[in-house]
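What follows is a pair of complexes built around chain A, which joins chain B in one and chain C in the other.
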Partner chain A sequence: MNAKANKNQVTSIEPAYYQAITEAIRKEAVQILKDETVVGVVGYLPGRRKGTASPALVTTVEEAEKLIFSPACVNNLSVYLTKAKKGVLKQGKVGIVAKGCDMRALAGLMTESQLQREDLFIIGVVCPGVYGFGVERTGTLTEANIARKCRECTVHMPEGSDVAAGTHTELADLTPEEAEEMARIEAMPQAERWAFWKEHFSRCIRCMACRQVCPFCYCEQCLCDKNRPQAVESSPRPAGNMAWHLVRAMHLAGRCGGCAECERVCPMDIPLNLLNRRMAQELKELYDFEAGLTPVEKGPLNEYKENDDQSFIK
Partner chain B sequence: MSRIGVFVCHCGENISRTVDVEQVAKAAGEIPGVAYSCDYKYMCSDPGQTLLKKAVAEHKLDGVLVAACSPRMHEKTFRKAAEAAGLNPYLCEMANIREHCSWVHEDRDMATAKAKDIVKLMVERVRKGKSLAPITVPVTKRALVIGGGIAGIQAALDVADAGHHVIMVERDPSIGGHMAQLSETFPTLDCSQCIMTPKMVDVANHPNITLYTYSEIEKVEGYIGNFQVTVKHKARSVDESKCTGCGVCMTKCPKKKIPNEFDQGHGMRPAIYVPFPQAVPNTPVIDRENCTMFQSGKCGVCAKVCGPGAVDYEQKDTFTVEDVGAIVVATGFKLYTIDRKPEGSPIQGYGEFGYGTIPDIIDGMTFERLASASGPTGGKILRPSDGKEPKQVVFIQCVGSRAREKGISYCSKVCCMYTAKHTMLYHHKVHDGQAYVFFMDARTPGKGYDEFWRRAVEEEEAVYIRGMVSRMYQRGDKIVVMGSDIQVGTQVEIEADLVVLATAVQPQDGADLLAQKLGISYDKYNFYSEAHAKLKPVECATAGIYLAGACQGPKDIPDTVSQASAAAAKVMTLFAKDKLERDPVVAKVNEKYCVGCFACKKVCAYGAIEEKEIRDRQGNLVKKVAYVNPGVCGGCGTCQATCPSKSIELDGYTDEQIMAMIEAL
Partner chain C sequence: MHAEHIKHDFEPKIVAFVCTWCTYAGADLAGTSRMQYPSNVRVLKFPCTGRIDPVFILRAFQKGADGVLVSGCHPGDCHYMAGNFHARRRFAAFRALLSFVGVDLNRLQFSWVSAAEGGKWVDVVTELTERVRTMGPMPEFKELEHEEQWSTFAGASVDKSTVLNSPELKEAYDSIG
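Entry: the complex of A and B
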């Protein structure tokens, strides 16, 4: 694939490229399972329906040979190392297939003492993009079906991984739909912006899928589930909905890796990643901080520096 | 249902002037769960406290709320009273309707309504309050004294005499500080060194004092009763254990023309030196900046002539960690200079006095050295430029001090007195000389001080001119002093041979850095702040750290010695107990829900949070959680605010209490 040649054109990434990544992942996964570097590899297996993929923990060489990577590999697998499959890490070192955006989550989890780098073998994917949601999955990734986050990806090179699968070095220059949407909301008068979010949050059914899929929502008891004292109303009514989404956005400030899984899983199509990105923008402006691919000692909100912006003190 | 008692205080008229206290008490009585309410003129008085105790017994109260002043003022008082009445003291809270209400409002109705609200929400806090038991921590009965001037020496000797071990850390090669530099002291004109050096020797010989000179504080950890202080021992290049203090190295050192700091740069010293003959310890130090051996690698004379082989060019800085229970900070002062200040500095120099380029304009400390028998001139008053005896000397007070336009607005306190002393010393040594003093006003509060000043004016022939000096410049070998005499209303011009400036007293260099290591507060000039200007003048707001001497503000010797002894008394009070009781308002972790993200550990300013492993019965690690060391926790609540799952809480300020308070509004 020559992505450079495709610049400023409609992207079209052939299945062959994904096939190459798949081969590379399989080779690595088989190798590390064979030499017992790891006890298992968290990756993707083909889904039951054609053209889908589902997250899986493979522990044998036979299974590892079935691992795949395709535009349908949308999930952020880091969540399987913390809450979803909590026991996995206790058996020993684990391999994980990670796209750039997933690696930011891994780095954040290391920063927050939830993971140790030495417990992981990271198979980084040089990811050319994945499908968006509600789009036609044609087998070929095009501008028509690529995810919004992938249009503005800055982390497709998985720096800091143990091995990298894939060779794609430059992404096509696509219209930054999400950034344009952010700018549009930013330009709204305050009342209109308030109404925009109010409308979105009013639809929330509090299914908590956003929380369930978020790698950073690893608390054993969520603050929003507490009832003594109750901080956030738990039934899906406007006030509690608003409170929940604001708490979620605040708690992700300076942590969110931008995998946009919350937005993908939302059954009510609430554009949650817009909120996350807005918080990230705030941190960039205030503390020149961006969630990165490597762990940091302290996040910007856990640290005081003398030159911190203090204009909020009035 | 709880049985809460609400006691509303008038505070004389402080509260009742703007708040209808009767109405507040009545409204409080109607809150569900409040079994008793009343108002009283002075709740903190003995009858007020008796009233509280009686009410607890009569109405079987299980919680007490006193609506009065700030808890910083009287929380202890009322908690004691509640305890005497049989309640857990932490079930007694205060609603601040004075500082937060009556003092800041004028409208009586609005203020009364606000007071009712404050009471209402504090009742909820009492309702959700829990009995707490004080935390006890052991006390290390060793004190650290930072600074070896008269303040540090006095504090160290007092504590050591009481039988406790003291570690004294001094930055310079010798203890003694500024007092050792002075010639004679006001108001008795006794020789400074004669009264100072015996005390210095006492420090060196005291079995309870460990003296570290040429050393600095590197790091301070811990808390009251349990500090761990890392001391940096700068390389002296002379082995203290071997050196006999014979002084041969100093006489043989080929490099002898180094301005001596002790003589304010007016005498000379070799590269290997003791600052002054009576130095304690009498162990030389090599000034590596000026030593030929260190600069070019060729010389080594001192090592060759040293009998016991004490000179060690290879010596490195070393560090020791000292466990102490209390710290006395006595770092003293430095003098302001009229030099040009760096760009952007809040303090300015004196361009009108030539920015310190005129050699015969000196400061008070230099005059002390000129007048001192051990000084560079052997006690003769000779001016620096040509060594001639000055016949006309102009003294100028308030140079830098009380000069807002130069950046310092405070009074340096000692200058009026020492200038009067200088005129006397001058008059005693140069009988045909004339001293002039430019002054704003003479401030002489102190025993025998005004008499001393009157003596300078009336008997010792000093001419006091009330007015300021606007300009000074060199004309031939004279300095032209142009000033004003506001009493006569005229301009004055004096051709002086020598000018002595009473420059402002400033905190030592690096005072702010030391304060940051200690965690104590300081003002905009870097003077250290006491906990209360009147009632806690020697304590820092940080428990277990005390202040002595000019590091807190300009002070003369009697005041410094008094404060040093006061600081020592505070240390001894602390050391009188084996265990220290601490407020149990500390954070606690809900281990069930803590997921060990350690955000709390990252934000904890006290270093109180540790990682704790939870293991099952087979010893397998279940998870890691945060653990709060209650002895170290300062109860600030930052962890509580940071914890994403609210699994850490401050006793006495639980989320449940805070939420109940918000909901009550």
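Entry: the complex of A and C
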């Protein structure tokens, strides 16, 4: 069965589509809470303001009936299951609402033995996309208000989930903004590239939101917080900023699932996902590795082949 | 039979991260064999190339290195079986990242030098030193080190009308006097 062949390409995604997913999620969440398959479900509840949503852990049937899915459900919920956010998984099996990009993060965490598949009940969402930053939230998703990462999404279908909510629908004719931006930077002369990133990194205020929101930044102590010896300067000065962002990109290389949460939460609008994507592209070219929806034995930087490329080594 | 000492305008600082089992022994061999190579290189000994974190390279550049050399055992010869294989993948990725943010990769050299290859060590070090010498000092990371977030506003030579690009900032700056 070819999912690509019978997908639905439309110019706008109406609230009714999200409503259908909402119903399916509620039905499933109520069911698994009732028969005690799970102790709780990590999902989205309506935010206080209209057109928003906030992540929530629901443990009762009444709460589960309030779960929603809308284009405002931007968060990657897998971060709540990691060691960095202690607690949720201690009590038993947990349900989680996951879009395609979130499932890649879950798969990555399973690869790294941070999660066990049998501890999870994954309610997959056939996600057509979510809102971008600072756009008009009308309830309808169109080319004008879709997030940058969703323009090039390859994981609309949450394959490997326990249940999937929704039918395959996606917006037609989206321009790949990030790929274009990456090609533009690649084509710059070296000095201009440096100036481009220097300008972006010099704005960084080192709030560490990118680290806090990342499902893969679960280290108990971050290398960048250590001060004996100090590897990366911790104050928001240009030198430390550059080092922090390079170290971050390097530590996520071969692990990042591409949910672009780092870029979304960045208060200074640093295009962090470009770095992640560049690393992913390189690992694809060199070692044919792509972050997928199912766990693998080892990530690309944790394994090796004897005949790996070494043309850059004398 | 010392080679004639030539005086250069610029002596680059080269930091070499080497593995203790192969390249360090190789460099030692070059020394005991009385081979001549540029004294610009500062050798730092590590247990294995697998121990060399990319952050060391960043730090070397920040603290004033004009070139960095990373050198270890040939593939298959690692004392710890696979350290250099892992390092090879890691540095391949790191090179791509550095290139993406605009660092000239000619300043960063990787090599395999075994304990028997004193001559190769001399070649690698000489070539890197001469290459970096023609390229001149590496300003990028060093400049960052001395910059403050607001340093563009503090310099007396800076034209403030172009730097202070919003009325609020300009007003705030003027009120400081």
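Here are some notes:
Methods note: the second predicted complex is superposed on the first by the 298 of 314 C-alpha atoms of A that agree within 3 Å, B and C clash if a C-alpha of one lies under 4 Å from a C-alpha of the other, contacts with A are read in each partner's own complex, and residues count from 1 in each chain.
FYI, a residue touches a chain if its C-beta (ideal position, glycine included) is under 8 Å from a C-beta of that chain, and two chains touch if they have at least 3 such contacts.
Here the structure is a predicted model, which is why all the values come from computation and not from measurement.
Following the overlay on chain A, a clash is recorded for the pair chain B and chain C. By the touch criterion stated above, A:W194 is placed in contact with chain C alone, chain B being left untouched.
Once the two complexes are overlaid on the shared chain, A:K226 sits against chain B while remaining clear of chain C. In the superposed pair of complexes, A:A243 makes contact with chain C only, with no contact to chain B.
In the superposed model, A:S113 makes contact with chain B only, not with chain C. More residues of chain A lie in contact with C than with the other chain of the pair chain B and chain C.
Looking at the shared chain after the overlay, A:V296 reaches neither chain B nor chain C.
Of the two partner chains, neither chain B nor chain C is touched by A:V135. With the complexes overlaid on chain A C-alpha atoms, the stretch of chain B that clashes with chain C is 99-107, out of 99-107, 387-395 or 621-629.
Annotation: chain A residues 223, 231, 302 touch chain B in one complex and chain C in the other. Interface residues of chain C, counted against chain A in their complex, comprise 53-55, 58-59, 62, 75-76, 82, 85-86, 88-105, 109-112, 124, 140-141, 144-145, 147-149. Residue ranges on chain B touching chain A, taken from their complex, read 592-599, 602-603, 624, 642, 644-647, 655-656, 658-660. By the touch rule above, chain A contacts chain B in their complex via residues 112-114, 218-223, 226, 228-231, 251, 297-299, 302-303.
On chain A, the positions that touch chain C within their shared complex are 185-186, 188, 190-198, 202, 223, 231-232, 236-239, 242-243, 246-247, 249-250, 253-254, 275, 278-279, 282-283, 286-287, 300-302, 304-306, 308-310, 312-314.
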